[in-house]
Amino acid sequence: MGESTLVSDNTQAGRRTIIASVVQTCSARYSVKNTLKKLEDLVSEGKGRHGSQLMVFPEAFIGGYPKFSTFGTVIGERSPEGREEFLRYHSAAVDIPSPVISSIERISKTYGAFLVVGVIERDHGTLYCTVIFVDPELGYVGKHRKLAPTALERVIWGQGDAKTLSVVQKSFGRVEAQLTAAICWENYMPLLRSYYYSKASGSHIYCAPTVDTRTEWQSTMQHVALEGRCFVLSACQFAQEKDYPADHAVKNPEGRGDVNVMIRGGSVIISPLGKVLAGPMYDQEGILTAELDMDDIVRGKFDLDVAGHYARPDIFQLVVNGAKDG
Amino acid sequence: MGESTLVSDNTQAGRRTIIASVVQTCSARYSVKNTLKKLEDLVSEGKGRHGSQLMVFPEAFIGGYPKFSTFGTVIGERSPEGREEFLRYHSAAVDIPSPVISSIERISKTYGAFLVVGVIERDHGTLYCTVIFVDPELGYVGKHRKLAPTALERVIWGQGDAKTLSVVQKSFGRVEAQLTAAICWENYMPLLRSYYYSKASGSHIYCAPTVDTRTEWQSTMQHVALEGRCFVLSACQFAQEKDYPADHAVKNPEGRGDVNVMIRGGSVIISPLGKVLAGPMYDQEGILTAELDMDDIVRGKFDLDVAGHYARPDIFQLVVNGAKDG
Amino acid sequence: MGESTLVSDNTQAGRRTIIASVVQTCSARYSVKNTLKKLEDLVSEGKGRHGSQLMVFPEAFIGGYPKFSTFGTVIGERSPEGREEFLRYHSAAVDIPSPVISSIERISKTYGAFLVVGVIERDHGTLYCTVIFVDPELGYVGKHRKLAPTALERVIWGQGDAKTLSVVQKSFGRVEAQLTAAICWENYMPLLRSYYYSKASGSHIYCAPTVDTRTEWQSTMQHVALEGRCFVLSACQFAQEKDYPADHAVKNPEGRGDVNVMIRGGSVIISPLGKVLAGPMYDQEGILTAELDMDDIVRGKFDLDVAGHYARPDIFQLVVNGAKDG
Amino acid sequence: MGESTLVSDNTQAGRRTIIASVVQTCSARYSVKNTLKKLEDLVSEGKGRHGSQLMVFPEAFIGGYPKFSTFGTVIGERSPEGREEFLRYHSAAVDIPSPVISSIERISKTYGAFLVVGVIERDHGTLYCTVIFVDPELGYVGKHRKLAPTALERVIWGQGDAKTLSVVQKSFGRVEAQLTAAICWENYMPLLRSYYYSKASGSHIYCAPTVDTRTEWQSTMQHVALEGRCFVLSACQFAQEKDYPADHAVKNPEGRGDVNVMIRGGSVIISPLGKVLAGPMYDQEGILTAELDMDDIVRGKFDLDVAGHYARPDIFQLVVNGAKDG
Amino acid sequence: MGESTLVSDNTQAGRRTIIASVVQTCSARYSVKNTLKKLEDLVSEGKGRHGSQLMVFPEAFIGGYPKFSTFGTVIGERSPEGREEFLRYHSAAVDIPSPVISSIERISKTYGAFLVVGVIERDHGTLYCTVIFVDPELGYVGKHRKLAPTALERVIWGQGDAKTLSVVQKSFGRVEAQLTAAICWENYMPLLRSYYYSKASGSHIYCAPTVDTRTEWQSTMQHVALEGRCFVLSACQFAQEKDYPADHAVKNPEGRGDVNVMIRGGSVIISPLGKVLAGPMYDQEGILTAELDMDDIVRGKFDLDVAGHYARPDIFQLVVNGAKDG
Amino acid sequence: MGESTLVSDNTQAGRRTIIASVVQTCSARYSVKNTLKKLEDLVSEGKGRHGSQLMVFPEAFIGGYPKFSTFGTVIGERSPEGREEFLRYHSAAVDIPSPVISSIERISKTYGAFLVVGVIERDHGTLYCTVIFVDPELGYVGKHRKLAPTALERVIWGQGDAKTLSVVQKSFGRVEAQLTAAICWENYMPLLRSYYYSKASGSHIYCAPTVDTRTEWQSTMQHVALEGRCFVLSACQFAQEKDYPADHAVKNPEGRGDVNVMIRGGSVIISPLGKVLAGPMYDQEGILTAELDMDDIVRGKFDLDVAGHYARPDIFQLVVNGAKDG
């Protein structure tokens, strides 16, 4: 006789868990080739030592995050040097699809890990801060482009739109998950989060690749987990001066040195009831891993379901123009 | 020459009747599989022994009604044990659509009976107390989610909205019927009833799945039949301690026992002029059946039609936000 | 220091009760003068023997209910004899204001009882089936005209409109009450009841003067009390052939006799939780009295408040055209 | 060459006329099928022998006018027999739309005649006394429900509202007309007539289907024509005992007979200056026909235009709630 | 004990009647003095021979109706002769108050008759076609100015306004009446009539002074009585050439002669059920008298009360700007 | 000289600051009278010792938060004892307006402090968890009713609607502020917060009265300040067993004692850039005070303005039904 698919009959035994990791790392001096090598090494480690089924990499991992650069811009002026810098940065970005994407698909398949990876996406003349979703069986299955770059990022990255508000379905064995991504300060967009909550409320793994290293970031991650009753996986970059081209800007030009910290990290994994499962980790590269008990989502929704019994749809309706599923 | 379809030319012979049943039963210890088995047995009996064309099952028949439980809530606190109980209850609920719905469709088709069944509906993290309508030819044709859970039910069930104020059209041979459902104390919502009366006033079969076992419930059912000039089919649960998981709450914890009555029933069928056609039945499982003479509706509307000649639309207008047909 | 007026501070002692009666009686052969005499005698008895602070009299008590008459009407024809009967009936009706109203005000004041009295109201050429509210201190304070006469009543009575949807405020000592009236089958108008519930939900005494003597009426009264969480005071006529003019219609013309029952009664008083406090009384004139514990209204609203926490105003809005307070 | 549509250029030849008929007839023993047969025969005759472009049929032609019946009602009581009679009457009524309406559309189209037909309309549990407008080219184009049934009619028919105050536009060749309908004693509602005058004042054909056979009816028809400066087409029923079911009520039960006159007629056609163009016809079935010179309307408005130069809008404003055009 | 004032208790004996007359006459060659003499003679006769308590005189009785005159006007031109004619006409008119009014008050008091008299009222430079109401006890109690003069009347008379929509209350012994006046074609103003019906619907005596002598006028008078369920008293002028100044216009100038009929009459008295009680009288001066049984109004309202049970105030509201009582 | 109101001219001297407090306290054993006494004492202290211009009190300060009670409810049952407890709780609630509100207005005026106070509001039969805004000069200026009670609170409190999404404008000297309130877990409603951000984005003081004492609450408060770039003032209750009626529920019934902590506090004040200005305070009553530099709001909006440059209105539109300002 047929049975409901989402959740097993309660008379069955067994916990419904997923092993997931966030990887704190950075790109290799804007070299795509070398960064892909780092990616493979880290996936190998995550799988081999942690048994990770799902690994989240930071914002701009492939392509790089040009911390401290101004790209030669002042109000009303751009410099030739800035244009050259942009050209270099553009050349380090990734087309979708492309051989780079194929390489990532191969890594995912080889190690049997679902990958969520921050990349700088090149779409002709414009760059986007993008996250890609790569399934070990299906390959590339979706992406999300950052909707609202912050401050000077607006000089180098374009804005995403609703077509990449991806909610990716994935079965880890008999455990279903729905994955979304919000990049850096997109996490401060309550309407974006609300949309994700409404689409992925049953088994939501919320990925938050970032380069935000403030202590306050932890509050936001914890809040998002509590508000959305979802697992939050935030992967931040850890980068030092040596990870950038030699002429790259730094904070204190007078005190240059390979080990100067450019981005200090802060990766973390949090449960739907706000419990910190791993991290936060600062001042080092590394992999944080946790076992996600997917039933914690329902345990949490018992008293708070912002897209369900706590929603007040009679008062608030969120209209999302252009999303694939309305 | 063409003729009006709703009622045959008065020179034609024949009564316009429907054989309808209400089933007094309960779910099987929160097991969806076993409860579906009970459903099939009862539909088989209703069809085989009573010839029922239409069968109404109680509120929360599939999924179960957690009588006497508190889910560990007190004002201001929820307990981990309550969350576990909610997780178990959540896992026994039904997605729409899902294989469970398909099973009910198959049963309806096999026995040729239209089914109105109370289920606990799972929509991601929120549960709803829902009634589904299943047509033997068309399969699932609509649902109604309870708009206003009562008291502690508000902790475990979300609120329905106007999108599920279903009025389901069904031809039983040459006899037309319009079916609606109001669950338990929704029957005390005069504006909900008014809406149903206005949409289904011609051939209204009003289904009232419930777990209310008070004697006063009979007055309310009789009143609704008289007020709406409709047939009222109220199916209540009959449940004993043995029908619940072993650790479930009971009224008097010191006097546990398999045959302890948890919900005592009170199912009943009433005609549009307020005549009790079958029941009320208490303290046992069973099937009540009656032949509904659909012309009694017009006989009753002769002197009272609350959505027609008795309406005073010049004074009272009921606005229903979000209903499919305004 | 000032305190809230509606309910005393919970540290204060004392119950908040009202002594209320429903009077089962009839008019005196269409004689206004003699019917006023009956009114005075009954108010005297209600106050003297029962201590009533509030007395409800039946529909059409003054003016009379012409049971079994047809006023000479068939479809498409009126007879001169019917016009004469209407003229007689018209002459027994009451203008508002008029000396008849003044007499009722005097009776109310003399005995210190608030009176709710069914009258046939004359407004030039049209008659209305009206209930008046008379305060012992303020005199006449409002009226309600029946909105929807039933069946043949539509030939002799006009329709009321929203201007007389009165909700009358009255202090019985330190106990506040809000009185409304719904006459006979107006009690089957869910939108009218909903309006009253919304306006008088705090301390609602719902008066239901009637001439409906069916047993089913009791279900409706009990339902209204439960649905509205209000006290229901239903006063029905008890009338015999001797109470009508000698030539008045009767049910069985061949078996005339002074004691033939024309209207058999059925008055009743019910609490907000559906408990029958007095009655139903049949086959005799008489006064039913009960002590109304006004706190029962809040006790009942705890789990059902159809104009409050159970209302779903997001879905249902009731527009009432022309009511004094919107 | 451009033309004013209201009145023809006086240099052009030709009169602006319409051939119109009123049909004095009745329904066929409540059989919809047989009455449709009569309708077709009469339209055929009206078109064939009279050349009618517009034909008006009496009130309740389809569905029937239950003259002399009481439907078992006395004040305060309804009988089971009356409910059965209502059920029979209900079953002979017409839904809009329905195959019956389609049949009338076909007849209108076949014979090329615009039809104004009195029908008993069924809207779920309530019946209405309705007039439908059927255009030979467009089919059903509108209806009007009687606003105020008279006396005992209030027991069997509901009240129309402002949504069916139809003013139907029709071109008969190059001659424009605006058609309205007022049924029986609606013709005594000065505010309804005023509304029609105000909306159809240019080329008003005022249809008055009725069953009123008093001689005084002729005064009212003549007055309406004069007051409104419109053509008045009043079609009355002529019915005999044989036209009713065998058990139907009659005036003098002792003297039954097939040829007993139940409704004697009185159909008439009157011009805007009060000239009787055809009829009144009594005591027979038949068709009255006249040629309507539409310029007579303007001739009449020269000295009286109640919605124009004679209106005094500074003093009198008529508010019509809920009409389609305010 | 107090009793209602409008209608006596039905156990009292006696009919409620008023003796009323309409006077068919004309003014005396524009001489106010001589016309007052005619007035006194006619009142004396009406009282002495007929016992009239109420007498209605024609439109423009005092001041005169200048039949057939053009006052020298053509489109775009007025002649000096026309101005002289207006001056003469102006000098024959009546100020209110004035000694002429006092004279009429004296006549009313002397003979004990209530008078309703058509006068040409002078208000500085403008003339109005007015009706005055004179009570034998109270003297002048009100007036009504014609709202809409017809055709060429608009050259000599101004328009009245809502301040003179008088409804005059009068007790004839123990019988109450409410009197209104509509002059000539004001009777074709349905909104004016509706206003009067709404204000005087209980005991309405509707006065219709006129100079309209068409046969169709009778239809309108009968219709108004039926529609308003009121007594209609229409007094028309009978005038011959000798009743005008010698140089006054006539219809056929070639055939002048003192007995030439200028205005042929048509006065009539009609009951609320449309029965002609007296008249119509043509081709002579004279007094028509009838006994008005005021209970006929209620007998008539039984099945039609256009301002009460037949009104549909939910649909139609008549706003009357500037009337004394709204 | 003209000034921009939002931000002061940078050439002028002076900071734009407001002295604000949050008060950690509780109600006095459900006594309104005694709780008002506490309110006055605390306002006096806040003003006298801290100079507070704005004081925020906790959720349910007046009326009380019945922590640990179940009101006798289990799924499917309510007990008489629960109804009595509800009656007691209902009697301790506050009508708006009422003398209690007047008292608070008087206190606000006396001490010159703007007050934001959590109250249990009584609206006839339903209670709401409400926050009121009281201006020292204008008195009561608005309220907010909690939209979504949590868990068992749904048994005792109704749901607010959009009519009380108040944004209150207040000038503190020359410094403008816009105040809003979100109560307890309303702070987890991203669409509610988004609405407030959109309406009060210039000078937003976000009040968060609560009884949530979890450590995680601090993350949410910090996140809200960062996300909305607003000041967050969260006032939590501190309550002990002695602050409840003697028979009230406690967590561990076996270990009762006056000093048992029922609600431990956690009040806090946070700046728009996420800096904790005061608190969090636990395990005591007390007043936290901070000086709010209103220019910090603009400083924060420089790089994040969720209702402005960070909003993406092309993608996301929030529809709010029924709010006063759309």
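Note that the chains take the letters A, B, C, D, E and F in the order they are written out, and that residue 1 is the start of every chain.
Criterion: a contact is a pair of C-beta atoms (placed from the backbone, for glycine too) under 8 Å apart; a residue touches a chain by one contact, two chains touch by 3 or more.
Everything quoted here is computed from the prediction, not taken from an experiment.
Chains that count as touching both subunit A and subunit D, per the definition above, are B, C. Here the chain-to-chain distance from subunit C to subunit D, counted in touching steps, is 1. Relative to subunit D, the chain whose mean Cα position lies farthest away is A.
Note on subunit B versus subunit D: their Cα superposition corresponds to a rotation of 75 degrees, in steps of 5. Judged by shared residue numbers over all numbers used at their interface, subunit A and subunit B contact each other through mostly different positions, with under half in common. Farthest chain from subunit C (centres taken as the mean of C-alpha atoms): A.
Subunit B and subunit E have Cα centroids lying 70 Å from one another.
With each centre defined as the average position of its C-alpha atoms, the distance from subunit C to subunit F rounds to 46 Å. Within subunit C, the positions touching two or more other chains are listed as 71, 78, 151, 155-156, 159, 161, 303, 312, 314-315, 321. Chain pairs recorded as touching, per the definition above, are A-B, A-C, A-F, B-C, B-D, B-E, B-F, C-D, C-E, C-F, D-E.
On the subunit A side of its complex with subunit B, the touching residues are 1-11, 201-202, 229, 295, 297-303, 305, 307-309, 313-314.
Note for the complex: subunit F touches subunit B at residues 65-71, 73-78, 151-156, 211, 249, 251, 263, 321.
Taken in their complex, subunit F has these residues touching subunit A: 147-148, 150-151, 159, 161-162, 185, 188-195, 197, 214, 216, 218-220, 222-224, 226-227, 274, 303-304, 306, 310-312, 314-323. Residue ranges on subunit E touching subunit B, taken from their complex, read 312, 314-315.
Contacts from subunit B toward subunit A in the complex involve residues 30-33, 36-37, 71, 73, 78, 82-84, 86-88, 90-95, 98-100, 102-103, 122-126, 155-159, 161, 321.
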